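Both complexes below contain chain A, partnered by chain B and then by chain C.
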Partner chain A sequence: MFRQILYTQWRWSGTGIVAVSIAAFVLPILTVQEAGVTDPTWLDARQLLPAIEYWSWVYPVLALGTGLLAATTAWTHDHRGHHVYALSLPLPRWQYVLLRYSAGLVLLVVPVVLLWLGAMLAATMTVIPPGLHAYPHALALRFALAVLLAYSLLFAISSATTRTAGYVITVVVVLFVLQLLFRLAGSTTDLVSPLFDRLMTLPGPFQIFGGRWMLIDV
Partner chain B sequence: MLAVASGGRLAAQGTPESTAEYRQVVDRLAERWRRLVQAESLPQIGSGSEGLPRFDTVRLGTLTLLAPPPRAELAHAVARAAWDSITRDFGSDTVVLLPQTVTIGFGRGSRRVASPEYQEASVLASVLAAVRSAEATRLRPDSAVADWFSSSLLAMLFASDSVQRSVTHMELATKPWAVVRACYDGDLDACRRALAIATTPDSVAFRFTPAERRHLVEQAMQNWRERPPGMARCIDAAVDSACIDLFRRFPQYLNQEPLSAVARATLLRTAVALGGAGWYARLLSTSGPDYLARLSIVAGTPPETLLAEWRARIMSAKLQRMTLSRLSGWVAFLWAAIFAVAATRSSRWRRD
Partner chain C sequence: MSNAIETKHLHRTMGKDFEIRDLSLSVPSGSIYGFLGPNGSGKTTTVRLLLGLLRPGGGSIAVLGRPIPSDVPRVLARTGYVPERPQLYGMLTVAEAMRYHAAFYSTWEERRAEDLTARFGLRPGLRISRLSKGETGKLMMLLSLAQSPDLLVLDEPTDGLDPVVRREVLSALLDYVSQRDATIFISSHLVHELERICDWVGVMDAGRLVAEMPMQTFKNGIKRLRVADAPSLVSDTPFVLLARETGDGLAGGEVWVVRGWQDPMKQYFEGVGARLREVVDLDLEEGFVELLRTFRKPGA
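Presenting the complex of A and B:
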């Protein structure tokens, strides 16, 4: 059963997975391209760090995009078929969901491993100035966790009814609209920032997306 | 907003002979300046159709803020914040540092009232400018070290201790100069040179290695239209004496310090922390180009102890780096598991 579900999910999302996997492999190499331009013997580490930092925002975005791709494609056909296929199977709902979830996870191993390989390759290619170190393993692990988190969250939302997903989106939109109205009214009330801070710092769910995404760092 | 920092300039009224005379001249000029400002400038602050504006006076320590009555409460809050910031760093020496009144006027400005945070930051900046001005004036007779201390003091005032220590730690860890690397590894003499407090006739020779000097000359002069004499010998023939000669002739282009003013501010902070109350008066009581010896007097410790303490404080500062803590990893994993479990709770029956 798992193999069939894995196969169908691969058919649905294979192209996208290949695309994000290539991006994941290339990204670390793009990150260190600046290191090859300047004479590495005299490269001031503090000049290299901003160049590395310039790319750091792409990693969490790629992780989010990868999770989004795998999560939505896992459920697209079920939604289209009004979930008749799931009902026709002799499986409890939770088991069917876990099969879908696991199949998606297996597919996500590909971009994660490719990012890890790309990071190791980039670290090997680069002459790193004194005082700095390459962190290919930590970066790949952070990417893996971010992908896992994004995938799990979006998978949960996608597995629910359209109405539930609508509620989630509505709450977010209402929050931003309220914030905008407060600002237009000249109020200094800030709804979004404290909430954002809670979500993005430990033990918030999205803290893994924050912090430093640096292939080369002190 | 008008900020008037008293004690800013010395007029040409004859050359004072001693520091005390300098101070008298400065105090006199500051007083005249303050009167001029109060007599001429302040009525223009709140210019409008209501005639001459009224101002409430808010006094805190040596700060005096003049604000239109509706802003008096805000001015008081701002004065409190600014005063706290100054006294936090200078403690009992605040009075020594700011012996004259700093007058700051709150203009009515446009109809849009700036946020309290903005007002507070503006006043704080004005006060800090006044501090710098007063402090630079005091150190003027000591011009050999005025820049060193002045920039350090200013840097010390503008950021928190922990931030500055982190920045300095980052510098120690990442600057390419050999002397900085050696300091990072624990060589205190290298730290002395990296902080540019080595007192030698030719301190440049001690700050950089011959190869580094060559590199600096190449970086600074490669785009010059006319190559100065000696540049070819320095770069092409790698004659170090030619490089040193260029450093002496063009110090404004070449004589850089391995570590920044922020790093020096942390050294000053360390001396202040060790020395405690009365540090600024002690600093003013010292003289001479030996910065480290003067800071040792401020700290009340031998120079080596001061440097060792400084390095220990820097190395203990938290350095932001690409790490993934175990807790962070487990929390992310836990949240992923929660979301996955939530997905299994979804209904198989659709009522979309």
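Presenting the complex of A and C:
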């Protein structure tokens, strides 16, 4: 049963998963190549760190995109058929949801592992200046947690009815529109920044997406 | 005789304008039950309630002896379902869809699936999104039959199919029933189709059950009578008078449409000073139309 659910999800999202997996593998390598640290003459940490940091924003975006891809493709086809086929299968709804969720998780192992391999390869390719260290395992773990968080959250939203998903989107849009109106009216009221800070800094739930995503750091 | 499906005082509101009201159905085990009704009468909603796809607002449902919705997975494991609009995953091929479906049913019969694939002329490697309407209908029927169900719930299974495909699908269905003592609940507005295969009939209109009886009783019981010298007031009839109209070409005569007719009832007309000139059998479609026409009369 699980194998078949996994297979359907692979059919729906396989191309996308392959694409993000390649991106995840290449990204760490690209980071060190762009930073020029494969060049043995580069031993200045003050120049190296900003160059590595330049790419750090791509990791959380890739994690978010990967989670989004796996979460939405898990439900798109059932939504299209108004869940009639899924609901007519002889298993409790919670079990079906769990199977779909688990199948998505299995698929997400691929980009996470490839990012880990890419990070380790990039670390071995790199001449690291004294005082700096490579963190391929930590980077991969952080990527895995961010993907897990993004996937879980978006899976829950996309598993709900279109109306529920609409409510979530509406709340976000209204918030940004209100902020824009305040700004146009010359008000200094800031709705978005404090909320963003609450969510993105400890103990905010999305803290994992913030901070430094550094393959090489002090 | 036990019932494969039994609902009591079932109620469900759908939006602002439609509700299933006080629906009490009894589908005998082993029967082929035709669930008739015009479009929008509540057939699909009823089917979805029976299978636990919708939750009832009130009343009770028992399918294969188990309560719905609390025991839905066990019931669905023994039930084949062909929905009104097939909702299979379009990206899968026919063979993949069969493997996927089979994974959920311990009773899946691979041999039957292979036989039906050949019989229906389905190409296993073809994507579902590229199947014609007829092929999709055949595939749905194949999936339902290959899981060897005790109950088949078919919601307009042949709607929109050409006569050749319709015949193939129904023929496979009847073959299955002849091999197993399965119950079939088939919802349709194609009256002639049900007339040929069903032994029980239930008629829905506007969310209510208008009639439920053996097909033979339904067909035999509804008659068109040509009556001369009919009394202006009619009461205490031994049959149910569904409709009464001035007959064409009958001087002073009337046409009565009645339900529950039996030959000895002819004596009634002598008693009221009328003359029964002719008793005309109605086919199921005519009976169905007359039944609905009466039901929709104000005060019915």
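Here is the rule we go by: the second predicted complex is superposed on the first by the 209 of 218 C-alpha atoms of A that agree within 3 Å, B and C clash if a C-alpha of one lies under 4 Å from a C-alpha of the other, contacts with A are read in each partner's own complex, and residues count from 1 in each chain.
In this text, a residue touches a chain if its C-beta (ideal position, glycine included) is under 8 Å from a C-beta of that chain, and two chains touch if they have at least 3 such contacts.
The structure displayed is predicted, hence computed values, not measured ones.
Touch criterion met: A:Tyr7 reaches chain C, while chain B stays clear of it. When the shared chain is aligned, chain B comes close enough to touch A:Tyr135, but chain C does not. When the two structures are aligned on the shared chain, A:Pro90 is found in touch with chain C, with no touch to chain B. Looking at the shared chain after the overlay, A:Gly81 reaches chain C, while chain B stays out of its contact range.
Of the two partner chains, chain B is the only one that A:Val218 touches; chain C does not reach it. Between chain B and chain C, the partner in contact with more residues of chain A is B. With the contact threshold set out at the top, residues 82, 87 of chain A are in contact with chain B in one structure and with chain C in the other.
Chain contact summary for the complex, chain B toward chain A: residues 115, 170-171, 173-176, 181, 184, 215, 319-324, 327-329, 331-333, 335-337, 339-340, 342-348, 350-352.
Residues 51-53, 72-77, 79, 81, 83, 85, 87-92, 96, 99-100, 103-105 of chain C are the ones touching chain A in the complex.
Put simply, chain A touches chain C in their complex at residues 1, 3-4, 7-8, 11-12, 77, 80-82, 84-85, 87-92. On chain A, the positions that touch chain B within their shared complex are 42-46, 49, 82-83, 86-87, 93-94, 96-98, 101, 129-132, 135, 138-139, 141-142, 145-146, 148-149, 151-153, 155-156, 159-164, 188, 202-203, 205, 207-208, 211-215, 217-218.
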